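Here it is: the structure, laid out below.
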Amino acid sequence: MDIPVLAQIVVGAVGAGAVLAGLGVRVLGPKAATAITIAGVGLAFLASVILAWTYAQGSAPQAVDLYHWGPGGYGMKIGFLIDSLSVVMMVVVTLISLLVHVYSIGYMRGDPGYVRFFAYLSLFTLSMLLLVMADNFLLLFIGWEGVGLVSYLLIGFWYTRARAPSAGLKAFLVNRLGDFGFLLGMGALLAGAGSLDYATVFAQSEALAQQLSPFAGLSMLSLICLFLFVGAMGKSAQVPLHVWLPDSMEGPTPISAMIHAATMVTAGIFMVARLSPLFEGSEVALNLILVVGGVTALSMGLIGLVANDIKQVIAYSTLSQLGYMTMALGASAYAASIFHLFTHAFFKALLFLAAGSVILAMHHGQDIRQMGGLARRMPVTAATFAIGSLALVGVPGFAGFFSKESIIEALAHSDLLLAPTAHFLALAGVAVTALYSLRLWCYVFQGDPRSAEAEQAQEPDKTVTVPLILLAVLTLAAGFGVEAFLYGGLLGDALVVHSAHDTLARMAEHWDGILGAVLHGFAAPAIWLLGLSLLGGYFLYEKGYAAKLAPAVSGLQSVLLRKYGFDMLYENWFVRAAHAVADACARTGDQKMIDGLLVNGTARLTRRAAATLRLVQSGLLSHYALAMLLGLVAALGYLLLRG
Amino acid sequence: MSVAQEMILMLPEIVLVVGACFILLCPRPLAWPLTMLTLAAAVGAMLATAPDAPILLMSGMFERSAEVDVLRILICVLTVLVLRYARGYPVSSDRLQSNEFYTLATFGCVGMFLISGAEHLVALYMGLEILALSLYPMIAMVRDDGRAGEAALKYFVLGALASGFLLYGMSLMYAATGTLHIGELAERLGQMETNRILLLGTVFMLAGLAFKLGATPFHMWLPDVYDGSSLPAATYLSAAPKIAGLLLLLRLFGDGLMALAADWTTLMMALAVLSLLLGNLVAIAQTRIRRMLAYSAIAHTGFVFLALCAGSPKGMGSAVFYTLVYALMAAGSFGMLLLLNARTTAEDIKDFKGLNHSHPWLAIMVLILMFSMAGVPLTAGFYAKLYVLQAVVEAGLWPLAVAAVLLTVVGAYYYLRIVWYMYFEEAERPAEPGEDLTHVFLVSANALVLVVIFAVPQPWLEMSQRAAGVFVGGQ
Amino acid sequence: MAFQTLLFYLFGAVLLTAAVATVTLRNMVHAALSLILSFFTAAMLWMLLEAEFLSILLVLVYIGAVLVLFLFVVMMVERHTPTIHHRRNYRLVALAVAGVMAAELGAALIAPDFVPASAPMPAPLGHSNTQALGSVLYTDYALAFEAAAVALLVAIVGAIALTLRARPDHHRQNPAQQSRVRKQDRLRLTDGRSEPPC
Amino acid sequence: MLSLTHFMLLSGALFAIGVAGVFVNRRHALVLLMSLELILLAVNTNFIAASHYLQDLGGQAFALFVLTIAAAEIAIGLAIVVVVFRSRETIDAEDLSEVRG
Amino acid sequence: MSLLGLMIWTPIAAGFATLVLRDPAVVRRWSLAASLFVFVLSLVAVAGFDPAAGYQWQYQTSWIPAFNIDYHLGVDGLSLPLVVLTAFIGVLAILTGWNTATRHITQFFAAFLILEGLLIGVFCAMDAALFYVFFEAMLIPMFLIIGIWGSDNRVYAAVKFFLYTFLGSVLMLVAFVYLALQSESFRITDWYALPLSSLEQTWLFLALLLGFAVKVPMWPVHTWLPDAHVEAPAAGSVVLAAVLLKIGGYGLLRFCLPVAPDASLALDGLVIGLSLIAVVYIGFTALAQTDMKKLIAYSSIAHMGFVTLGLFILYRLATETAMLSVSGAIVQMISHGLVSAALFVCVGVLYDRRHSRNIQDYGGVLETMPVFGALFVFFALANAGLPGTSGFVGEVMVILATFQAGWWLAVLAAMVVVLGAAYSLWMVRRVVFGPAEHAEVKAFQDLSGREMLILMALAVPVLGVGLWPVPLLDLIEPSVVQLIDQAQAFKAGGAP
């Protein structure tokens, strides 16, 4: 089958599933809905795999235009760009989606919103596919907003809970802040390049780099990239727009796995990678990306050390890992970033689903202090969780190792101004990752059960465990794609790297195969750090030194518990300020000034004038005559004086 | 021209005078039909004797023209209309439906007829005084009501004062130009340099006429007279005499004093703006319908003066059209008021409350009248304003136009108030309008004519332009 | 000529004095009499202007009829002389306005740009002002003349309508009713017993 | 030498007194009527003077009609005064301010 | 009678006929039939419309020769969509008000039908006097609708509505009169070619702007709108938001831009500034509202800000981009017509059940009214400009184009992305989501068939325009091109 047809099948199948399930929310039974959506996603997955296989053979990128969306001439169209990058993403998306669909059969069983949930899932998959397949910014933005929407709906899925809808709103609004930047970036693009079509825009990246932006010393290209990166920060939850992600854990766990770990949050990463021809032209943007990524990677990891909600811990870990991906982008190691995205998708989905399994077993309890000793009661979950964790911390041989190690190395090779800082942050992040992963493992699976639920925890049924196992296998396998991704040209021409900061090329010079990499890994400083941390973690958490140490670091702990005060800052300052401004506009501005003073004031004045003038009509004849005389005298005077 | 021919051309006036005498003497029940007959006969006489071209009669004192005849017919129609409305008025009714009342009303028409054709200052003055002399007793006629007497006294004293102004102005004009004939006056003024005597005369004449029309600051009598007099008298006063007053203005200023337009237009602007301002503002503060209508009349007068300030034939035409429409609106409004007062007293604006609920048809008619007064489209009032604005803007006086329309917005408020009382509020006490179907029909027709004029305004506009053309024909 | 000028100033002074007295005297009768005086002097002035007919008319008709009517009404309401309560401020303003108006009138009337017609030759002997006036009155001013008749008629009708009142205590005969009366209207047969008071 | 201006000034003064009489003294309704008479007298004087100097009878004719109308007006005016007096028992202009606003 | 004439006069005649029919049940069906008929006619008009051929369905006859006023109807690509919108909303308004009126039921439907006819007239008029007649006459039925069938403070709102609009329109009338005198014609197209000096244009522009700005409404002459919306019955709000406000935007593009291009160029900063104030200031104001209708009303003002922004930014853009912004403005008008109408219907649905517009009186509506809740969320999202809904199309086009005119303009305009989402979704969060705490809410019945029909009928075009706006864009494109040409056909030799 040819590529356009396959691409349309991918989108069409998922779309049909979403629409059918969505329209049939009231009609369809759970089984029918499940069947429809899974069939759709499954078909899409198959098509994606075929596409991937085709591209693995080295097909040329192909544009698939469906129809013009906006006025002609701006590249506002519904059209797909099928190349190796989008195909990789399609596979990841459809695969994770498929697994989450399956997993959700068990996880969501009996929920009154079951069908709705599946419709949302499919809709999300559709949006994500549009996002990754788009061949122009407009469609990218449509998908971008689409995933934001579904994320909003899914976070607030249990709408009768008090907090879920608020978390959804928060997620949406913070995302919108990012979109604000994205939209401006698109505006700048349109102003600078006159088109929103990738190909057209990319072709002009040189020209844009020469063009001056309204800001002194900044090229148009940099401005565009900065604006677009703000969008990416929102979606990929980079500091300081990360605050929505931990809250989003209010949603059902499969959602956390799929949206808030594997796919949606990586949209920002994907976007930057997709737009590499632009970002390559702006060192300013790259430096910013480096430092934002670095700060996110380390600081969010640290919070993971103190969080007590199992999903929160994983969420902070996700933030931290997103930071790594971002750093990789900054170092122009787009392939490494995508590769980390790829591996992370699997191991983080695995971790989340495993956590979901734990949560199910705990009857929707999520506090890790209530758990303990679950390894014995839930062996499959524990084993898969362990595999995920190992991948996460980057133990040589596991998926995370390959991807993260590549990133760290790329950072080391980068010549950018802030690369050394980022490198340091990345290394520190490794240690932190190890610590919180170990802490989580110890709290959940080691030791004695700390609650009745933990004592009676049971392994969930197969729809839950099978995806876990599958994901575990994939996690183990994913790492071995490193060669293809980074050096084998799997991503082909989709990524453009300026020769001046082609870190991956420099790394390729001393790449000696996977085995070599593993062996090398043991010599890498990161791994030493990792080992040390694991050891430290063992003593801290397994041996219980953490509790003794706590008073000593209480200051740090409280900072971490408060999440560096971001939430406080936003809620106390930004939100409150917005409300104050809103109140000022509404009460003072509109009610008092415009309505009170101008509008009703005029009315009042008129009425008063009327009441006053009315007194002139005194009823006295002499007054009346005087008035006539006054008029006469005035007229005479006017005419006489005028001459 | 032979005396017989002249008498034939004067037939409408003669018919009216003779009719009025018969009305005075006939048995009481015959007074009303005889009045109608007389007015109808006058109209018939007018139609039968209409000249092809404007023609001067009675040694050049009087002008007959088909164009102005149309207005005179309208005066008759309005008189018939208001007299018919007034028939339903019950309070002290014996006097108000007496022979004297109808006689005076008919004589009033004689006065208006004279005004409409007068080509000579004496004739003009006589017409004016016949009208005024008929109005004074009509207003005072509800003898036991102190308010009516008070109103009549005020009207009389101030009216006589205004007549004094007018006469004094005329005497100065006469002294300066040596003629009393309006056509000659225009001619001589055209050949003269302006001097102060002329200016003085102009001011005094303008003051006298401004009083008749009720322009600020010569308006003070108007609210009190509308308010204090009997409703039938106020109704009579509100409609046809406005047309006569305008004709007076046109004759004197549009024709006689046209050469001094540069001077009097400025004064008229002041009158116009002041009238608009005061009329519209003070109307807001009123609680009695009649007083409100009185101030509204002042505001409308302001618009008429605005039209005249343009000092152009178009301005004159627009003034005529405006006055026609206004007279119709005023007649309709008072007719409605009389209908509402047929059985109980309903003089407060509040008495309109809930009218839509009890009498939706009447409410719609009032709505049409009020929106027409406010100058909102789908009613003739809109064109009246549009026409005036056109004339004013054409004369380059657009700041004046802006001021006028802004004050119109203020004015819209009190017309709206009546509408909202009718439609939005609950009645405080049930309305008891008269059940006289003819009256209802006439009032409705009166209101609907405003809509008809809106839909087909061309004949009316042409008529107004032509009528105005007769006055400024010398130009 | 000088004599005429002298007369003008004399009559003028009297006229204005009488006029001021008319509007200022508190006694109504005195005021009315002052008015009569001012009319008399005005008639004299008119005589100076060779308007003999009007001058005589003013004295005979106007003073003889109209002003006497005035006096009549003054007498009728005199017993109700109203109390006077001036407001000082108002009076000042009013006087000021009147003063300004007078000044303006004066300023305008002695306008340098107005050249009045020069004094005409005195009318020849035997010229009848009355005849001359009569001849225009019935020709050129026929319409006005008729209108004046109408105006007077209107005034009569109006004045009577206002003042004539059918009082309830005023008994009048109605011959028609009288002649139509029937026996049973007037006569009632009773059975002789006393009726209860109603 | 008497000129038209003399007469006009005289009648102007008379006119001013008459007008002032209407509004300066807010007294008796009858005074108002008298003031009106003075105004008309002034007007007539004006007309007659102009007529004389212009040698045109029109002014005198006008004055004649003004006289007629003045008489008619006074008849009506006095009738109104009587009506007011009957219903209100006063003709004090100051008391006649029931209708106002 | 021409097709357009039929569309104008059918509802008006039908409206007066209702006054005779009297039986409410008959009147309802009759009104629905009449409005449906008009809607069908509007579709016929679209079917027979050739976008490239300028004004079509023209009908011209002399009306008042004395004033050079013609009865001249016609539609082009700019007015036709608005005509269809009006006819469409006309049907929905009848349906929305099906059971609203408890008294004067026949008058209720009469008012709506007459209003519909007048509104269509506004968009079809090619003669300025005719335009003005419809423009102002429409105040009467709307005034009555707010005043008779509104809620507690209805009189204040109705009078405010009337006087505000009247104030704007009378100055516009003066401008019209001036133009008519200069060109000796009231035909709008004649005015386009009329040479005018910069000074003349400036005054004319300001007068016209005031008239239309009140209608749009633009800050600071907007305060009538929240009051009018709050007090009007749901059906009234629907028409008000969906169609009446569009007249303002339509007037700007029909009169201000082509008639006074130099002044538009010189004063575009003013309009742009006011539009941005509308977006930002009003956006914040909306955030502070506790009354749902007020909130939507303020959101309307903010969204209409994009219309004015999109129109007047054109002088600062290359022609290509100007196309984008002007088309965006027009699409935004249509979209806002649909979305705000839907939101007001939604509030009406809630109001019918709880008799409160206060956000605090709700919460957890989704629990008892899932279908309604879903639709409400959908329309709120459309209001927030979510891609795939019509709300996105116009907004994104305008914002994108604006950047070319100045980055900070775009920054301010793009704030709608955050603010729009904030007030729309915050309302949704408080009304629809969360636990149902009020007993009344717990007893809610989900949508009736009629309500469902209305909302679905609105959802379809909202989605349709959002997913595939090209047909609409194609319809308006030639007219937009022409408009931009006219707006740049400077008469006084460039900027004064």
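By letter and in written order, the chains are A, B, C, D and E; residue numbering begins at 1 in each of them.
Operating definition for what follows: a residue touches a chain if its C-beta (ideal position, glycine included) is under 8 Å from a C-beta of that chain, and two chains touch if they have at least 3 such contacts.
In this text the structure is predicted, and so the values were computed from the model without any measurement.
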A correct list of chains touching both subunit A and subunit E reads B
Co-neighbours of subunit B and subunit E resolve to A
By Cα-centroid distance to the whole-protein Cα centroid, the innermost chain is E
By Cα centroid distance, the chain farthest from subunit C is A
A student comparing A-B to B-D should find more C-beta pairs in contact for B-D
Relative to subunit B, the most remote chain by C-alpha centroid is chain A
Taking each chain's mean CA coordinate, subunit B and subunit D are separated, in whole Å, by 26
Whole-Å distance, C-alpha centre of subunit A to that of subunit D, is 96
Distance in whole angstrom between the CA centres of subunit A and subunit C is 101
Chain centres from averaged Cα atoms put subunit C and subunit D apart, in whole Å, by 9
Multi-chain contacts in subunit C, i.e. residues touching at least two other chains, fall at 90, 94, 97-98, 101, 105, 107-109, 116-117, 140-141, 144, 148, 151, 154-155, 158-159, 162
Going by residue number, subunit A touches two or more other chains at 614, 617, 619, 621-623, 625-626, 629-630, 632, 636, 640
Note: subunit D residues in touch with at least two other chains are 4, 8, 15, 18-19, 22-26, 32-33, 49, 51, 53-54, 58, 61, 65, 69, 72-73, 76, 79-81, 83, 94, 96-101
Chains touch one another in the pairs A-B, A-C, A-D, A-E, B-C, B-D, B-E, C-D
Subunit B contacts subunit E in the complex at 356-357, 360, 367, 371, 376-378, 382-383, 385-387, 389-390, 393-394, 398, 401-402, 405-406, 408-409, 412-413, 416-417, 419-420, 423-425, 457-458, 461-462, 465
Subunit C partner, complex, touching residues on subunit D are 1-10, 12-21, 23-28, 30-31, 33-35, 37-38, 41, 44-45, 48-49, 51-55, 57-58, 60-61, 63-65, 67-76, 78-83, 85, 89-92, 94-95
So, in the complex, the side of subunit D touching subunit A is made of residues 19, 22-26, 32, 93-94, 96-101
The subunit E residues in contact with subunit B across the complex are 19, 63-67, 103-104, 107, 129, 132-134, 136-137, 139-140, 143-144, 147-148, 154-155, 158-159, 162-163, 166-167, 170-171, 173-174, 177-178, 180-181
Within their complex, subunit C touches subunit A through residues 90, 93-94, 97-98, 100-101, 104-105, 107-108
